[in-house]
């Protein structure tokens, strides 16, 4: 399961290291996308960009950064799926329109992109990528005669779905968050400017001091006059993606006032209250289950320990293992701590279950290593609906929570007992109110109408 | 001096090796562009493409070709300049429009691209590249409602300049040549289909049998019904680029009925008639001066010999030589054949002189090697006007023929005597009539109105 | 600080995936060396090898593995230093000698390599690398006439220092551990063969069942007859490197009967007993301090929590940061968990202190994030002597423990208090007896005579 | 058919661009080997080297050159065969011996390398490569106690075969040519030093002034005192490789007083005298047949013209063509000039015939292009014996001249007539006396005893 993207924008007129700072920020956001990375910078109306398939540190090096000059810029990392992916879909998207050049980077997913694209094509527009961002760029260009600010406002009023957008246009840095605020976007102060980023962990690595989250339905325009705020749509309820807290965001990030680690740990405590079990040890599926496991242990009084060791050198791509060695391959990533768990009754904490295949392998590994019991406690409710707002969940039929009962799942994965956190528990753990969160993947309660056909990647050239 | 591009298109419904054949063709056209290479293929309405900076053999390998499937396709090689060049400008350009996908590859230069782009931008169009091809794609998309054939016709009627275009649209292969026929484009028959290419040497490597040149102002549409011809503009005079014969095209190619080698050799004979000189030996600047030198020798009775040896391994990029070794660097490319020329009076045949800097270095090298006299004979008239139709000539102030007199040039390059072929001689050598050729770079007689401002690359994002 | 190397050897006559399994094992050992990786395999007396600079997954891919065939083989990963390093120093070393081919991979450091090399050079031997392994290969070749077994025995009797060696010779797999057993080496059973590895975590990923550690001064010869054991030197005391337990080895590995995680956690408990301090929270420097922190927390009753978040995407090489951004660069690797630590008195657990520079940065980061007190507890004694047996410790003058008093160090790193684990505490934590361990880096008590001049890399071509 | 190698050495104590000049020289020698390239330089007793698979311009770039510092150095290019080849076999070979470091680069082939290697192995020597150079390095190291000069002399006295050696040892540049002088090596003066190279074309690109060829059996030692000459063996007759003149050397090079182009042209004249034929045109197989074709035309009075065009962009490696397109693939390299040859009776001049397969394809291509007759004239005698001295000729059974009669060959290749140059004609063309040349590949008259078993690459690890 993969988050779609991470974005960053920096405005620092006195700085000479904006391209480098953008890269630093993207490294901090790398967990949000490992497929491609790119930055676009502008200086004196000259726009330059570089983007390529790969991790930030594979795409950029000193020689490339030395060729890029700008004091305003944006950056983007894109997710990796197992399927085919194209370099032409890397972001930022840089286009020329009547008023000059514009660069855009987008995190989220539009539910009416195809409809708008079709309308634009009716008027003769052409498309060179399959990313929603190109639709947004076209809309802004169509409205350029209204002036920059109004052109963006009119454009985002037409699009539906989730979006945290950073834009460079007319030497300004612009940030936009969708009316539901589904994807996060926050603002920090630099010594000589500002930074916008998907997560606050990116503020930290560029030396930013957190100011505030961008509000749902808000656009900020950053230039030499500071930060101007425009509220373009306040008719919708806030609906921050609960899955950011559950799995995607970095634990040290703060989203809409709630720290991710603290949310997970709190949820872990509630999980312990809701689903206690007698056992010898609480262990986590690293790394995303760690905070919840610490909370569970604290609440239950059962000691926390390390039961699974992660190989930090196990990268993304490797030799395709043959059938015989496929089973071994899982051990390349995680290995059981025999000495800690042998003869022990374990409570295994995972952040969520999507397909259930990994859970089954891990439980088998733990039992092979001598665990006498493995009680799986999942720190979120069952995922039973696809996400339409930027999380790459599989179709419903592959969501184990949607097709199997609790006891069927428990049997399928080989656990001695299985329990999920309740929706209420999750919401309480996160610490926002129910009507400030999007919990659609758990309850189907989408904050807006979504297409019947849930496929998110139907556009192909 | 660099030719802008080479194009190829193949329609071969029964073939499974169209991607490979496109690559073979592009290798044969590699002399027309060494900056980037790309192909686009379609099969059952699924368009795929691959393009990258580099030579054809650097860009493509078996593993990439195996991922590309199609029985109709086009290919493109792009020129290399010393300035900045972007991967995003590589061709073919593949876009989605209302009717599906379209791939275009273009050789030539439009003189009204900026004006059209500006109009399109008025309507809100955006541009992602700085290539004329994107303008053409936009025009076709604007007219899509007219149907494919008419959409292309209406589009090319709006553009002015030179263009040999190959297009894949609706599973058909389309070729278009501008009303003056400035850039070459010719058609050949394959066992199971057709091939269009900038030069006939590309027919040969894919096993094609030459049928005919595409006519100026003609569009051909190739599908399962064979070749349909549409004449969209016959109001202009033919104006085939004379420089294709002088320098750019491969000697084994036939353009509009005249073989390039034969043209050069004939011109060399006429050069001997027009500008005889008493000497011991005729030598060529390899490789483009060889044919003319053989002709000069044959006509003058002075023996042809090899005076300069070319290092065939001297590639494009290398260690930037420091001041001290810069002079040596020229010898990496060409070296003098001391034994042949020592004590000899030489007639040195070059195809053309643009800036004059290379000529000076070569003459010095020949004299250092013992030549007692070096009489430079240039097998084309002085280049005194910039090209607006796709040849990367420098601005007028850098054209030595435009800023210096014959005797000044002779002195500047250190020759014992200097003579150019007359315009009449060149035309006679080529073998087409004067009003079938564009000789604007020699006489300023452009076949259409050209912009005052001759800069060809003013569009920058 | 870097471990020198990791080694693996596999004998599996019925297997067709030995090259792949060797790579799996090397990935599990990747923490022992990130500079280069290589494997050598033999089948029917044909030796093949591949080695290159880079991580295992950068060096190997399916196409390379498909070219390597063998049912007996060895692999090696090599450490990375900041200084210059040569591809020619990558291992395994494959040489031809009178009896055929031999491949060697070595973890450790010889203290008399220069002396032996000098003697060999007296006889006219030449050296192509600067690795000790080439000295060993020469010795074996000198003694080839004694037969394989005796040739190795005579050779290792001449060398002094630390070595865990895996060798392929005459289609057999041989493992050798130095008489002190300084570097670890252990044996496991495969379904159809055997595996030797520096750490047991490598057994796990190839499906091996642990049999036993190779004894100090023992050589094992593995062939179709099984495992033959030869004890070539039992005159020395056992002296397993204590630093393997403190820092280098993977927590899930078992070395000489003691699990690394358990050792660290036990040591953490003793640290709490020896150096208690009143505080609100115990946090670790991830990842090597985690086990000790859990132990400290358990023993002290002060809750364990996460105070520093590690960016798992922060790789080895990157843009050289300029002075201004250098300070930010540390945040690319580790970031403080403000919410957890703000207003809190922290006990920070690190595994060891070598230079002290990182400690200072982390403590500043924690205080900037709001920690009111930071008490550093180090889970090993001060490092005051250089290692001569394969750990890349700096020279004494750069060891903060050797040049500063406890209070000076405490001040230098900005901690509110500082305490180290006692030597006795460490030994008790590890669980071996004092005279089974090498603790020379802490107490200077080297298990053999070491050269006055401690430089370990004095050989340069 | 491939030449084994090219070597260069530069001594220029005042120069700061020796690494760059070595690369320039290697580019000029690139035709002698395209598999690997490398240089080794020394400054103040510090030896550095860099070598890699690939062309000089692929292996070296500015960043690599900037890391190499030296005022004395050597360089090497190695041939490419279709079979397996190893990076470890790249040269120069740099080794450490008792006296310090030594770098060697070798062009040629030893006929007693295996015997010496076996003797060295008896004494316990190990070998890491399969190149003869390692044997030579071992011999020098064995004799180091005699002092540098005598150590080299004693070593080369033991080896048999062909060798042009350049060596850096004790900060001096040394050149050695075997007692028969089979491989070329010549000396030139630089402004501030000296250059040794396989061919004089490499002198030219580094600005050298030719002094003289190194004599057979001579060693030169170049240091601050100038050039010292040592004749170590004058008992053998001179036997310069005739094939250097026929095919391998660059036309602008002078070997032992005879320019290669002039030799070929003279031979072409004699070929015309010996084997006249009535025809319309003389054409060459480019590029190696060009000089002879010009000579043949001059002598016969039949006009020279271009009949085959070479694609200068057709590189070494490419998409493996399938069966169907394999026939087309030959056209990627050479294409027929239809206009010149159609309806013509051709005399096709090739430098030599080894296997005969290319000749057959070319003659078919010429006839398909309309040639009415093709008379092949080969400017050397039939190759009927394998070379043991560094030319990669196939085994006898693949030499068409060894297994077929003249008329069988003529039929096999589809020529209308076929004639070879006589041995006497070749010798006369080259201009050296018969007993100064090695013509063994034509007449079996080897200048020394050669092994029965002609395989040259029997050593495999």
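Going in written order, the chains are labelled A, B, C and D, and every chain counts its residues from 1.
Basically, a residue touches a chain if its C-beta (ideal position, glycine included) is under 8 Å from a C-beta of that chain, and two chains touch if they have at least 3 such contacts.
Heads up on the chains, UniProt names are A, B, C, D = Amidophosphoribosyltransferase.
These figures come from a predicted structure and were not determined experimentally.
Graph distance from chain B to chain C, where chains that touch are one step apart, equals 2. Common neighbours of chain B and chain D, by the contact definition above: there are none.
Note on chain placement: the centre of chain C and the centre of chain D lie 48 Å apart, centres being C-alpha means.
In whole angstrom, the spacing between the mean C-alpha positions of chain A and chain D is 60.
One finds 36 Å separating the Cα centroids of chain A and chain C. Multi-chain contact residues of chain B (touching two or more other chains): none found. Judged by the touch criterion defined above, the protein chains form a single closed ring in which each chain touches exactly two others. Going by the touch rule set out above, the chain pairs that meet are A-B, A-C, B-D, C-D.
Residue ranges on chain A touching chain C, taken from their complex, read 17, 20-21, 23-24, 27-28, 30-31, 34, 55-57, 60-62, 65, 201, 204-207, 250-252, 254, 259, 261-262, 287, 290-291, 294, 298, 303-306, 309, 311-315, 317-322, 324-325, 327-329, 331-332, 335-340. Residues 46-47, 93-98, 101-102, 118, 121-128, 137-138, 141-144, 459-461 of chain C are the ones that touch chain D when the two sit in their complex.
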